[in-house]
Structures are given as structure tokens and as C-alpha cells.
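Below you'll find the structure I mean.
Order of writing sets the labels: A, B and C. Residues in every chain begin at 1.
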Amino acid sequence: MREPRRRDPDRLLPADPTTRAVARELYRAVAGAPIVSPHGHVPVEWLAEDRAFSDPADLFITHDHYVTRLLHASGVAYADLGLGGASADPREVWRTLARHWHLFAGTASGYWLEEELSGVLGIDVPLGVETADAVYDTIDARLAQPDFAPRALFERFGIEVLATTDDPLADLQGHARLAGALAGRVLPTFRPDAYLDPDGADFGQRLERLLAAESAPATFAGYLDALAARRAHFIRHGAVSTDHGVEDPATLDLDEGSAERLFAAIAAGAADADQRRAFRAHMLFQMARMSVDDGLVMTVHAGVLRNHHTPTARRFGADTGHDIPVRTDFVRGLRPLLERFGTARDFHLVLFAVDETVYSREIAPLAGFYPSVYIGAPWWFLDAPDAIARFRSAVTETAGFSRASGFIDDTRAFLSIPARHDTARRADAAFLARLVIEGRLDDQDAERIIVDSVGDQPKRVFKL
Amino acid sequence: MREPRRRDPDRLLPADPTTRAVARELYRAVAGAPIVSPHGHVPVEWLAEDRAFSDPADLFITHDHYVTRLLHASGVAYADLGLGGASADPREVWRTLARHWHLFAGTASGYWLEEELSGVLGIDVPLGVETADAVYDTIDARLAQPDFAPRALFERFGIEVLATTDDPLADLQGHARLAGALAGRVLPTFRPDAYLDPDGADFGQRLERLLAAESAPATFAGYLDALAARRAHFIRHGAVSTDHGVEDPATLDLDEGSAERLFAAIAAGAADADQRRAFRAHMLFQMARMSVDDGLVMTVHAGVLRNHHTPTARRFGADTGHDIPVRTDFVRGLRPLLERFGTARDFHLVLFAVDETVYSREIAPLAGFYPSVYIGAPWWFLDAPDAIARFRSAVTETAGFSRASGFIDDTRAFLSIPARHDTARRADAAFLARLVIEGRLDDQDAERIIVDSVGDQPKRVFKL
Amino acid sequence: MREPRRRDPDRLLPADPTTRAVARELYRAVAGAPIVSPHGHVPVEWLAEDRAFSDPADLFITHDHYVTRLLHASGVAYADLGLGGASADPREVWRTLARHWHLFAGTASGYWLEEELSGVLGIDVPLGVETADAVYDTIDARLAQPDFAPRALFERFGIEVLATTDDPLADLQGHARLAGALAGRVLPTFRPDAYLDPDGADFGQRLERLLAAESAPATFAGYLDALAARRAHFIRHGAVSTDHGVEDPATLDLDEGSAERLFAAIAAGAADADQRRAFRAHMLFQMARMSVDDGLVMTVHAGVLRNHHTPTARRFGADTGHDIPVRTDFVRGLRPLLERFGTARDFHLVLFAVDETVYSREIAPLAGFYPSVYIGAPWWFLDAPDAIARFRSAVTETAGFSRASGFIDDTRAFLSIPARHDTARRADAAFLARLVIEGRLDDQDAERIIVDSVGDQPKRVFKL
């Protein structure tokens, strides 16, 4: 069994000693700053109910498709991990992870998990077959303690703002209950994908439910009114943004008559593929229009083909590790939207990509002109130290630092939130230190930029 | 107010001390070399008339869409900067830049502007709200001095060749007037985009004007003759190249009959979108044919969607910061052209990209086979230290150094020319030094390569 | 004439001294490990017949399109190099290379050739005009010695496995003859492209020959049977994999009736472009099905447009330096195949790309979920130190190290095999050392990973 080891305090900082020294100073300036997390997927119930986290497997494995996917790729059956409603002994699931722990060497998931074990739970014993049970027991014991309950951790993590992601029909009672209960705020985010995409599961029923919820007529005007009403409901509960996950960020500007006719075909289930595509594109356009009206920041997470492997989706559901990025075209796709709303007063549109070729080619140039467009921080597969370095290198020379969104953790893995923000802070310190050493930035500017990037910047971009 | 600070003499060189020492030696070998600038946008009148530059705002801000775009993105109205014919007090415009100077931290524009202020104008006071007026006054005073007039700066910059970019109907009297007037040469470049693209503004009138200028019949043969005649006019005034800015580098080989029929439809304004696309593609093909005939180097700047935001284009005109890169396909697009002319004796085709994915995938492989194809230096959004490093890394292992074009500054910002060439020299020194330290190149080869790259190489590629 | 110089023992390792020290240790752990080469193009006859290599030009230049292409780009005619059946004095060809040796500075080809001259042939005199003849004579003398014959070099190189690439109708007698004759194994690889693509040269004749060879009926079922029979023949001769070189990795799942009808049209030469595309896509799908049945690992080398310059292909044949990468879409292209076979027991699908944008966007995410999918090592234009570094950076944070294929040399240049594997080992040592220094990996894990990557990993992936 290996020796326990302390995490390297200089981890993720550049190797060159002079650069590392500068990076260390920059990192120190933000290491303890409060966490602003304007986009993520933590279930609000966790905080609203404040129940102790379940077992280590449930907390670290079962719901983290970053982790389960790599186990799956190496031959572990999802059912053996307890996915898809299968029953699985948590301890066995944990042992499975421990047995495959070497797979995670060098990955972002592996790094975060080590950070969580060490930084949050105080466990520095390397994970492995021989230590699996001891680590499991230690985590299990910790989770039973009151200071590891969700709200206690929320406070310990120094979270100033945490946004959840919610269905438009959500009652948001959890958010209401949390108002004032914590030092930081917990805000809902309006995520209407399932109501905008006729190809989505149960679209017809959702459409009807949405109309019914707001007693709106079954017309396009009625549908838009219902959506606007739900947005207002979210705003009343503190929401500052809407989120849109799309395979293709296409938008389409339709006149009212065409839109009504299109809606009629869609609502009747009689629309062909071209019409369904047009509807999706027009709805994204309408979401921008509504944001111009009601002030909600619009975030677009584009370029992911969901549920690539249909048999897995059928058996185990969505978010089971086979959502795969595809090439993305923001420039032509968003043009109709930007022609109309790109310079609208106080409109904010944050673009997140998993096709990293768009950083230098599309997003930085767009954000370098349109006052509405912000460069979304590296997301999903790109939310890792090397990818963050490539991102900063790709966008900064064109658009500087001011057009970036600030980090978002985009996670359901509550315990990983500090690790993810810390990773971004270290990665940014590394990047900025290089610019300082290369004479492209002085250290005062570098410090101002990194401090801004973890506080005022996300607050400005997300109107917090 | 911050202290004045000297520019770091080692700026842009790598952090590692051993590598930096090698880079420093390489940089020294070319730091003072004459500037060969075979592609750019300085108005010939500036040099022909040699009038003192106007105010600091006019010189550094109003016409530099790299600068205005980032101000625009941060909420500054173009009209307030004096764009689109609006009147604006130059001092106020300058103050606006100073107030927003932090936006430019880490950008190429910010770096160049600091280089210009320090290197050309001797101003080391950091720009900011408190220093704005003093800096403005100092620049203003400098610009009034004879040694800051365009020709004096041309000589001081050590420019050996400077190419402008000109309309095919330009009389080139400015160039004629400059012949022999300067130690270096000022050459026109034939840029016929507006006469090749039926979707361009005023295309019909341009077509007629071109035919009229050369008394050519309104046939395709006549149109080609008129273009060839204008090229000959350019050659007589020293031109060595033509330049083609296209969204899509598609080419098409048509037989004479089809081309005549297509031209008839185009000239009659009766062509549909497919025909207009075919015409553009065939005209690019014809430009290559003419280059094979008359020896003009053909440069293609591809992959930019111009005027993304129509309302801004309508009010403020072209080149106002919303030309956005799109994905580019050189391999299939240029194939008809290369099938016919790719190995033609003495034909030079220089490919410039803003979609950097084509460097390793398309341009380096094409230039590594076709004797005509040269790898254009990083351009526009990619003309910056990190992007240059990515470029060298992407193309060198496949195509070495000999297939590259040498640096072009592509700028209208006359005072930024030394800074841009210096940046490229430093970035190349950094790249070469790394290869030396990694045992992939010896220092003699590295020095030969960097010396070649700023002198003989662009002269060979551009037939200077 | 320059001084002879020893190769830098630390070549390709990172500049930073601390990182270099770690990299050096990692490299040492694998520097002498046996070579596992599961994909390449060495003609089996060389080893079966074990004749001395011909002259230096034949060995190093004529058949190496990496070398001839760059000479061609610089104006050397292929005929003067002896291509296309032209006669050329080998010494003159060698002198041509020496005269143009500066073109190869910084290229992978130049690096490998220096490695071969120094490491295999013991020649440390720099190549150049003045040394050309002496170097030529030394090589020539070496090649005549028994210990430079193919089998002797095979043993000296420490090759444990060497895969060739073979036509489905190959009798594989060379492989049979070599069984047991060497310390390492020489295995055939089933490469059926010419039998799967109706647009390929002589497709009709090949189809008939294949059916005839296995006395199969001229139906689709018969054609599939014949292919399966040839695969079985390969398996009997030790084959572990099939290889598929495609421009577009599209796949298509057709029912039997449709496939039979499509085959009838194809066999009759009556298929249109859409049908031919469908046939290609369905055949790739069928190859996966057969791999599921017979266990052969399926490798796909995708995204190369072959024979870009038709006149050169006509005169000098295929593989003459103008195969050019194009954008590739693995995600949608392979989806039908992966829907059906992606989780099939023991199916291995290794994806090789020359469009490096797919590394982080497509291949790492696919390999991070599908147990069948492995990330092919950097290939062709990307098989070089910087490109390998970009590859590792692009895939590791998502998919770790376990999902990679291990290095393949993909080469016909037999003498370059040690140099290519050594390059990959050094590049991996450099990458891993950085992760260690950045606190992302401990040195024990790094050593385990690099040792695995040159031995057990390719053996697992290629079922050796």
C-alpha cells in the first residue's frame, strides 16, 4: 500500500520556477475567494431538505456520468453500478471504482475526486483495491456527521451564489424555502429545452402541460405567453438566467403568421423534420427576444449529440455518458438572433462550446464585437487544466479577459464544486503568470484580472 | 498613477532560462533587419502626399477595427468614436480608449499599441484615465514634427518593401509618384473581389465600369481581357501579387461556352444563388490562370463572413469589426484550381486562414506537395504571439520552414508595422529556440531559418 | 563542412530542468523495451527473402512519400527521383536530397532520417552537398553487410511484433515462411478497401476475382461469405486486425433485401453516386459485424482524400504525396455501426485521425464510453513530437491513458521503425513528466503508464 501523500500546494502551476512563483502569488490572491457558481446541476432538494448524503457510491459514482462512463468503457456493466434502477451494494460499487482507479490517472474526474477526498473529506490515503474498504468506511462515517450535511458544506465551501437548473414547470418551492436560510443564495435557472424541441421525449404532453399550467390558448401566441409567464415565475424566485442545451445553435426569425402555422403543425404532431428544425430554431430566437424583454441572461450550451447509443439510453436513461460533441457553427447559426438582438440593450448571451475549434474562430470574434455575447468558460469535456489553458490561449489575444463569462462548474457533484473552481483558479493563474513573464501583462494587471474573474466578472455577466 | 516602465527586452521569449538565452540570440540576429511587408492596407496617399498624421484618435482608434470592435463590445457606441461620419472630439475619443484600456490587457491590439507608444513615440507612461490627456498631447506634438511624417517614419522603420492593396481601377498615380522617392519600394496589389462576386455591393456597376475602362465587349472573354489589362497596368506599376478575400475558397473549372452563358446571366442580373456561387468559383479559377500567364503571385485570404451584423454595416459601413471567421475547406475548394495549375511553372499561391484547424489538416499538407502552394503566415485574429506559436507547431513538422510565406502585417495601422514584424520575429525566435533545446535543430540552422524568414523567404515567395 | 555531432541524449524532452529530469527517468524505463508494431506497411517480402537492401536512394527516398513530397514541393521533378518507372542514378537522387536537406529542418521526416543515419547506420556527419557522396558510400557499404540485412535489423531493433498490410487475396506465403524464423512475429493485416469502394480503381474486376477466389455466388450474401473466408485465411496466418482507409467514416445499417438490391446495382456497374456511397457505408458496417464474429480488431484510418492531384496520380501512381486530410465526422458517421456493435463483447475498433480537431471533440468522448472504441495514436501528418503532445493534451483529460491504442508506426520505411517508436516514447515521457511536475500524477503512476503504453497496452488493444 502506498504512503499517504499531501496534495502538492503548487499543483497545476507551471514548471518554470520564475513563472511558478508569479503564478503562486496570483493563485493566492483568489484561493480563498467566495465561490460564485452561476450555472450547475445540484438538485435543490439536497439543500432544501439538508439530509445527510447517502453512501459514498451514491455520492461519488452512480450519478456522475464522468465516472461511470470510463468504468463502462473498461467493461463495467452499468447495472453493476446500480444504474437504471438495478440494485447494487454500494460497497461493491465503491470497490469497483477502487479496482479501476488507475483508469482515471490524468483525467479531470480523477483529479477532482482526489481533491474531494483530500480537501473536503481529509482522506489522503491513495485509493486502490487494498484501501477501498477503509476509505469507504471513513467517507461513510464523515457523511453521517452534521458538518458534512449539504448546508454545512455549502457554508464551508464559501458559496456566495449557487444556481440550479430547473424545469419550467418546477414550483421552485425548494428555492423559496432556502431564501435567507444560507449565507449564500441558491437560484433557479430556467431550462426549457424539453418544451422547445418537438423531437424531445414527451414533447406533445409537455406542450399541453405548459399551456394548461398557465391557462393559455393552444396557439403560438398562447405558448409564448405561457413560457413568458413561467420565466416570470422563475424571476420571482431569484432566477437570473435561462439555459439552452442544443445540438445545433441554429436560430430563425419568422413572422407571426408563419410562426403560428408552424406551431399548429407542431402541436398537431404533423410537422416534418424540416419544420421541426425550423421550430427549434425559431424558439431559440424567441428565447432571446424574451431575454431582451425580461432581462434573464441567456446561456447556450451547444454542440452535443445526446444519447448516441440508443440501447443504453433506453435501458439506463439520459445522461449516461454517451452524449458526444459534434462540430458547431455559431457564426451562421446565431446570425438571425444576433442580427435582431445582438446589440440590444442589456441583453447577455453566453456561449458554451465543446467543439474547441470555435474558440478562436467563432466565439472570441463574436464576443469581441457584440456587446451581448460572452465567451462561456470551458465546459464539460473541456473543463480541465490543459483544456482551460488552450481556451485562454485561443480567445485572449482576440477578446481579452473582459468578454469571458467567468468559471461555471456545471456540476451535479456537489462535493466537487470547490475542486472545480480551484482548478480554474490555478489554471488561470498559470496562464496569467506566463503572460507576465513574457512581458505581455504587468503583475498588477494580472492580479486585477484574476480577482475580477472569480468575483465581479461572473456577477456582471450573470447580473448577480 | 503607475510608474513609467521600460518594455521588457525579452518580451515574448520563453520563460525557461536556457531556452530564453537561445531565443534571445536568434531574435538579435533579426531584430534590426529591414521590413519586407508584401501584403497590407496602408493607403498609398499617406506616403504619396506625406502629410502629417492627423490626431491621435484618428491614427490609433477610428480606423482600427481591432480597437473599435472591443470598445463596441463593451458598450461604446460607434458614433461616439466618430465612425459612420459622426463627428467626435478626438480628445474625447482618446479618453474613451484610455478609460477602457484595461479591456485590451492580453490582446494583440493592446500589445501593439503599447509597442507603438513606447517604441515609435517614446511614451512609456501607462495609458489610463489620469494619463489620457498628457499622452494625447505628447502624441499630438510628436505627429506635428517632420520626423513623424509618413515618409520619415517609413525610412526610420527600415521598410524595404511595402505593398498596398488597391482597386483594379485605381490609377496608381500615388505609386508612380513614390517610385524612387524612398529608400524602399511601395507596390500596389491587385484586389479584384468586388469585380468577381455578383453578391458584392454595386457589382453590376463595377462590371460595367471595368468593361468601359478597357473598352472591352460585354462578353466573358471581354471581361477576362479587361481584368488582364488591369493586371498588366498593376504590373507596370510594380505589383507583384493579387489578393482575394473570399468567404469560401471554392473554385470551378468551366469550359468556355458554359462560362460565357454564366456570364451573360450574371451580367443581366438574372443569375440565381447557385449560378452566382459558380461564377465566384470560376473567377477565382480564372485568377489563377492569369497568374500563371502574367506571373503575379496569388494570395487568398479565405474563410471570413463579412458584415455579420447588417444594421452595423448599413450605418457604419464595411470593416467595422463584425467580419467573423467561418470553417474553411481549402482541400476540396481549391482542388479544381490545383488540378489545373498546382504544378504550373512559377505559379505561387499563398493561402491565408483564420480557421486555424486548417493549418495541420489542410494547408501544410497541400504546401508540402504542390510547388505553387505556400503557407500564409497567421493572419488577422491569428496574428498574435500564442497564435503564431500554434501555427508554427501545426505546420512545421509536416512542411518545415521553407513552405511558409514569411510574415505579412496586413495592416492599415502604419505605426504598428514595426511592432507587428517585431512580434513575429520574437515569436519565431521562441519557437526555434525550443526546437534547438529539444535537440531537433542545431543553432546554426535555427539562425539561418530566422534570417531567411524575414528577408529572402518573403522575397522568394512574393517574387520581390 | 560541419563537425560531426552526437545526438542529444535528452532530445525531445522538455526544457525545464526539473521536468526534464523526470522525463529522462520515464524515458529510461522504456528506451530499450521491445517494439510492438501492430500496424505498418513494411513489405513482407523484405523479411521473407531477407535480401540486402538496395541502394541508399531506394531505401531512404524513392519509396518514402514523406520525403519525395517535400522535394517535389520545392521543384524537384518526381521523374528525376526515379518515380513512375523513370530511371534515375541513385547517387544523383541522393545528392538531390543532400542539396535540399535544409528543407527538412524541423520536420518529422528530417528528424527520423537523422535518427536512422546516426542510430542505425552510425553516421553522425551532417548531411549536405559536401558530405553527400561520403555518406552515400558509407550507407552503401553498410547495406552490403550481413548485419544490415532485413532480418538482422529486425532482431537488432528488438521487434516483438510487426504487422504488415495486405490485400485480401494475398496468399500470405511470406508470412507462412517467416513463422518461427524470427524472435518476433510478423503478422498480416486484412486491408479490403479496394473491395469495398465501388469508386476504387478496377473495382469490378476485384469484385469478380474475390468471388472467384472463394467460388462464391455473385450475390451480396456470396460476397460477404467470400470476404469472411478471406478473413479466416488471414486469421490462419496470424492476422489480428483489419484496416480500413476511408475518406469519410460513414456507416449504414441496411436490411438484407436492400443490401442485396444495392449489391446487384453495384455489381452491374449501374449504381449512382448515392448508391455507391451507401454501399461503402454499409460495407464498413459489415466489416464491424464480421469483426464481432471472428474477433479481428477493426482499425479505421479516416479522413484522407487520396490522390488530390490527378495528373500526378496518373503518371506516378498512388501514394505519391498528395493524399490530403479533410474534415472528419466520426460521431454521426460511425453511429449506425456503434448503435449495433459498440458494446459488443470483445469488439475492438481503433480510430485514427488526421483531422486533429476530432481528438477532444469526438474520439476521446467516444472512447470514454464505448468499450469497443480505442483512440488511435497520432498518425501520418500527426506522428511527430509537437503533434503527439497536442494529442495527449487533447484526449487525456477526458479519457485517460487506458483508452489509447499505443503507438503504431504505420511505416514502409523499415529503418525508421526504431526512430518512430523512440520519438513516441520520448514524447510520452515529456507529457507524463509535465503531469508529474504539475502534481496531477505521481511518478509511480507515470512509470506504470509509460511502461504499459509500449507493451501491454498495444497487446491488449490489438489482441496480441
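Quick note on the criterion: a contact is a pair of C-beta atoms (placed from the backbone, for glycine too) under 8 Å apart; a residue touches a chain by one contact, two chains touch by 3 or more.
These numbers come from a predicted model, not from an experiment.
Colleague: Chain B-chain C contact: same residues or different, taking over half shared as same?
Modeller: Different, since under half the interface numbering is common to both chains.
Colleague: Only C-alpha atoms count here: how many degrees separate chain A from chain B in terms of the superposing rotation, rounded to the nearest 5?
Modeller: 120
Colleague: Compute the distance, rounded to whole Å, between the mean C-alpha positions of chain B and chain C.
Modeller: The computed centroid separation for chain B versus chain C comes out at 39 Å.
Colleague: Spell out, as numbers or ranges, the residues of chain B touching 2 or more other chains.
Modeller: Within chain B, residues 14, 16, 327, 357 contact more than one other chain.
Colleague: In the complex of these two chains, what residues of chain A are touching chain B?
Modeller: Touching chain B from chain A are residues 14, 16, 18-19, 327, 329, 331-332, 335, 338-339, 342-343, 357, 360-362, 364-371, 373, 393-394, 396-403, 434-435, 437-442, 444-445, 448-449.
Colleague: Within their complex, state which residues of chain B touch chain A.
Modeller: 2, 5, 7-8, 10-17, 69-70, 72-75, 102-108, 110-111, 305, 308-312, 321-327, 354-357, 381-382, 384-387, 390
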